[in-house]
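Each of the two complexes below includes chain A, the first together with chain B, the second together with chain C.
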Partner chain A sequence: MYAYDDYDHALVNARVAEFRDQVNRRLSGELTEEEFRPLRLMNGVYLQLHAYMLRVAVPYGTLSADQLRKLAHIARKYDKGYGHFTTRQNIQFNWPKLVDVPDILDELADVEMHAIQTSGNCIRNVTTDQFAGAAADEVADPRPYAELIRQWSTFHPEFTFLPRKFKIAITGAGADRAAVKWHDIGLVLKKNDAGEIGFAVIVGGGMGRTPVIGKTIRDFLPEADLLSYLEAILRVYNEQGRRDNKYKARIKILVDALGAEEYARLTEEEWQAIRHHPVDVPAEEVARIHAFFKAPPLPVLSDDVPTVDAFAEKNFLFAAWLKNNVSAHKVPGHVNITISLKPHGGIPGDASHSQMDLVAALADRYSQGEVRVSHEQNLILPHVAKKDLPAIWADLDEAGLGTANAGLLTDVIACPGLDYCALANARSIPLAQSISARFDDIKRLMDIGPLKIKISGCINSCGHHHAGHIGILGVDRKGEESYQLLLGGSGAEDASKAAILGPGFDEAGIVDAVEKVVAVYLGEREDGEEFLSTYRRLGPDIFKEAVYGTH
Partner chain B sequence: MVLINLTGITTEAWTHLEDDMMPGADTRVAAPLARLTEEAEGFFAAVEAVGAVVSTDADYRSLAPLANKLSFVVIDFPAFGDGRGFSLAVRLRKDLGFTGEIRATGPVIPDQAIHLMRSGFDTVEVEDKREAAFKAALKRYSVFYQSDYTGRTALTHARHAVQERRPEQQRKAS
Partner chain C sequence: MAKKISGPQMVIANRLDDGRVVFLTSSGDWSARAADAAVADDDVSVDALRSVASASEAANRVLSVEVIEADVHNGVPHPAHMKFAMQAKGPSVRADLGYQVSPDWER
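What follows is the complex of A and B.
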């Protein structure tokens, strides 16, 4: 993991001192709420429906056990005992007191964390594959590049007041677990024919009112040119992006207006002018950062572990967990574990302070002290020896963290919705709870297979409904919460936009509708065919007929 | 209004010419870019120092023909969130090689003081009540992750050039 040097500490500490001063000026009345708003927003402090909310950055979803323990401590001391992991691999605290926020930031700074640029019209936390550095299918580890981007984008003098927020995602594997095509900039690490590392660069993806899948503007960008190329993309956007209408201010609208080819040309022209200037960092710095992400010293072990097989044979839930929540590691005999934060009937992405403490302890004992946050709102133990799985599962299961549903229908992404969010039109969390309660049967879920449900409580799409195999969008219909059903989206390498199936439903109705859609799939699927493939093969009509009874 | 000097540049007062006012006896004047382009003779021949006033939406290329004749450029922010002004200053420095004073006007906020300086601005006009906050903000940060147009070197370079230095020693008087 990256470790701060004195400079990194100095920057974060300066930020905390600055915010403490701003909070004091607000509390004394020197600043009005209107004046304070842009200041707090630059530190991840939102005013929600009931309280302030603090969004803490988890850079590219990587946490040390100590950092996670600190988050548990903050949840315990300053909040109501829990935190909420988000689709941007961050964590939100829903109930801090404004007067406490500077102290919280101080405590975070102690473990090299912060809330910088977790809101505002700036470059947000860079997200990546939750299995980065540990996945068997990886071309290169994206984390060193994510850290380079983190530093370059932090307090960028030119790009802190962009037309709108700006999200960058990077993946190092062919299987896209970071939804890069749905980001303002998506980067895909690859090797060219000469074996050199570089990036495919995708721009203009995004959700919201106008969902757009990003377009590739460069097939291969050499790794040394990353920052100057990003700077060129951002400069064009900062200068030409629309500022007259916040719903048309994201880069996707500009890329669409100019055309991807023209955007590529403008970027290329600016990049050639600034390439090799000091914006690109020296090779020694790249090497320094890479050194923090060296692969941990894991011994090569056998993938055959009879004790694990024997335990699985007599314990169905463990066997299911092994199949669904455990994936291949680079090093033989090791695995990645997805700890589901989607207990059936629970709140997606929430973790209590004691659960966080437990995961931190497990990370120390079994996973090189490392934890990850996935954009699907789960936690990951990235470097686990296969032989330790029964013991880990037993501990997780006892704490309500053993649900064997990773990647299955109840592994729902949901935004905070109308329970917390001032923008929401409808509640997301109770709906996710109703769905997981309705499908509370691991055997049934495994029979249904991989199926991603994503729920947003409003058109801003924080719950990624556009990218859901089944997407659900909460809308306000004459003062009533109503839910639209969308089918056929994907956030993976085969990215696609989900399409609205028909008229909306109330809460009970939408759960019934999901069940009907699943029933059509089960009846129509061919051997081994997953839900999304069946939908793509059949199209929407058969689903529409089942849900709405139209002819 | 108070003038905050971000870079220590030597600056003198000028007269801001509204509408169709002509320089008269003034030796230092500022006028909208369009007038300077259309009535260039009336300004550059008649006055010692001419500055262009542009809004953040100006295309930097429209300043190119005048860049070497202008003594200063005023970039007027219609709103603090209009970040085009930062890129415009960068363009003036980087692409037009402009070395004269660049001034920010409009409702910019203290938290932007360092960003303004680092993007190439020399001065900023602020409301009296914000003077203290602006000056405090300028002192807040001493190290930066990016190289910028003040000639500062990014941390990413500095780390390898002078590893023995400590952040507090890197602070530049502002």
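What follows is the complex of A and C.
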């Protein structure tokens, strides 16, 4: 993992001291809310429905055990005993008092964490594959590049007041687990014919009220040119992006207006003008950053572990967890574990302080002190020896963290929705709970197979409904919560936009509709065909007929 | 100028220091209970509530002040719109938290 140097420490500590002063001035009345609001947002402090909310950055979804323990401590001491992991691999605390926030930030700084640039029209936390550096299907570890981008973009004076917020995602694997095509910039690590590392560069993706899948503007960008090329993309956007209408201010609107080819040309022109300026960092600094992400020295072990097989034979729930929540590691005899934060009937993404402490302890013991946060709101233990799986599962299961549903229908993404969020029009969490309670049967879920349900409580799409195999969007219909059903989206390498199936439903109706959609799939699927493929093969009509009975 | 009102109104805000939801009472103070809220039925009394709330906001006691529609049953007011009703009750998915448990929570 990356470790702060003196410069990082000084920068974060200075920011905490500055914000402490700003909070004091706000509380004393020296600053009005109008003056203070942009300052608190730059430090991740929102005002939500019930309280302030603090969004803490988890850089590219990577946490140390000590950092996770600190988050548990903050949940216990300053909040109501829990935190909420988000679709941007961050964590949000729902109940901090403004007066406590400087102390919270001080405590975070002790473990090299902060809330800088988790809000505002700047470059936000870079997201990536939750299995980065550990996945069997990886070309290269995206985290060193994400860290480079973090350092380049932190307090970047030119990009502090962009037309709108800006999100970058990187994947280093063939399977896109970071939804890169749905980001303002998506980067896909690849090798060229000479075996050199570089990136495919995708721009102009985004969700919100205008969902757009990003377009590739460069097939292969050498890794050494990454920062100068990103700077060129951002410069074009910063200069030409709309500032007259916040709903048309994201880069996706500009790329659409200009066309991807023209955007690529303008970027190239800008890049040629700046690329020889000292934007890209020297090779020795790149090497220094890469060294922090060196793969842990894992022994090569056998993938056949009879004790694990024997335990699985006796215990169906463990066997199911082994199949669904455990994935291949690049080192034989090792695996990556997805810890589901989606207990059936529970709140997606929430973890109690004691659960966070447990995961930190397991990380220390079994996963090289590392934990990851996925954009699907789960936690990951990477680098685990396969032989340790039964013991880990038993501890997780006892703490309510052993649900064997990763990647299945009840592994629902849901935004906080109207239960917490000041922007929401409808609740999201209760729908996720109703759906997971309705499908509370692991055998049935495994029969249904991979199926991603994503729920947003408003058009801002924090719950990624546009990218759901089944997407649900909550709207306010004359003061009542109403839910639209969308089908056919994907956030993976085969990214697609979900389409609205028909009129909306109330809460009970939408759960019934999901069940009808699943029934059509089960009746129509071909051998081994997953939900999304069946939908793409059949189109929406048969699903529409089942849900609305139009004939 | 304040817009013309329709039906009973109440004032909701968040406390500055901790962000908790509060309602303006007839004594000009703020209460965590929606039931304690002052209700205004006409333009003049709504303007009066608004001006008390604005003064409190200017004095940095609260922020995010809004005049909202109230449902009044048996003389007890409650926010009419679901968003503000959610603020009065706390998150529906955590009945162990928020004002359902204790309106004076942590004060």
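Basically, the second predicted complex is superposed on the first by the 551 of 551 C-alpha atoms of A that agree within 3 Å, B and C clash if a C-alpha of one lies under 4 Å from a C-alpha of the other, contacts with A are read in each partner's own complex, and residues count from 1 in each chain.
Going forward, a residue touches a chain if its C-beta (ideal position, glycine included) is under 8 Å from a C-beta of that chain, and two chains touch if they have at least 3 such contacts.
The structure displayed is predicted, hence computed values, not measured ones.
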| message | For the three-chain arrangement built by superposition, which of chain B and chain C touches the greater number of chain A residues? | response | B
| request: Would you sort A:Ala295 into first (chain B), second (chain C), both or neither based on which partner it touches? | output: neither
| request: Examine A:Glu33 and indicate which partner it touches, taking first as chain B and second as chain C; both and neither are also allowed. | output: second
| message | One more residue to check, A:Tyr7. First (chain B), second (chain C), both or neither? | response | first
| request: Pick one for A:Ala391: touches chain B only (first), chain C only (second), both, or neither. | output: neither
| message | For A:Ala437, using the defined touch cut-off, is the partner it touches chain B, chain C, both, or neither? Pick first, second, both or neither. | response | neither
| task | Go through the superposed model and pick first if A:Leu418 touches only chain B, second if only chain C, both, or neither. | result | second
| message | Under the stated touch criterion, which partner chain does A:Pro157 make contact with: chain B (first), chain C (second), both, or neither? | response | first
| note | chain C contacts chain A in the complex at 14, 16-21, 57, 59-60, 63-64, 80-83, 86-87, 90-94, 97-98
| What residues on chain A touch chain C, complex-wise? | 26-29, 33, 47-52, 80, 95, 97-99, 347, 418-420, 424, 427, 429-430, 433, 476, 479-481
| message | Under the definition above, what is the set of chain B residues touching chain A in their complex? | response | 80-84, 86-88, 90, 94-95, 109, 111-112, 114-119, 136-137, 140-148, 153-160, 166-168
| Can you name the residues of chain A that touch chain B in the complex? | 5-7, 10-11, 14, 17-18, 21, 38-39, 42, 121, 151-152, 154-163, 235, 238-239, 243, 273-274, 277-279, 281-282, 284-285, 288
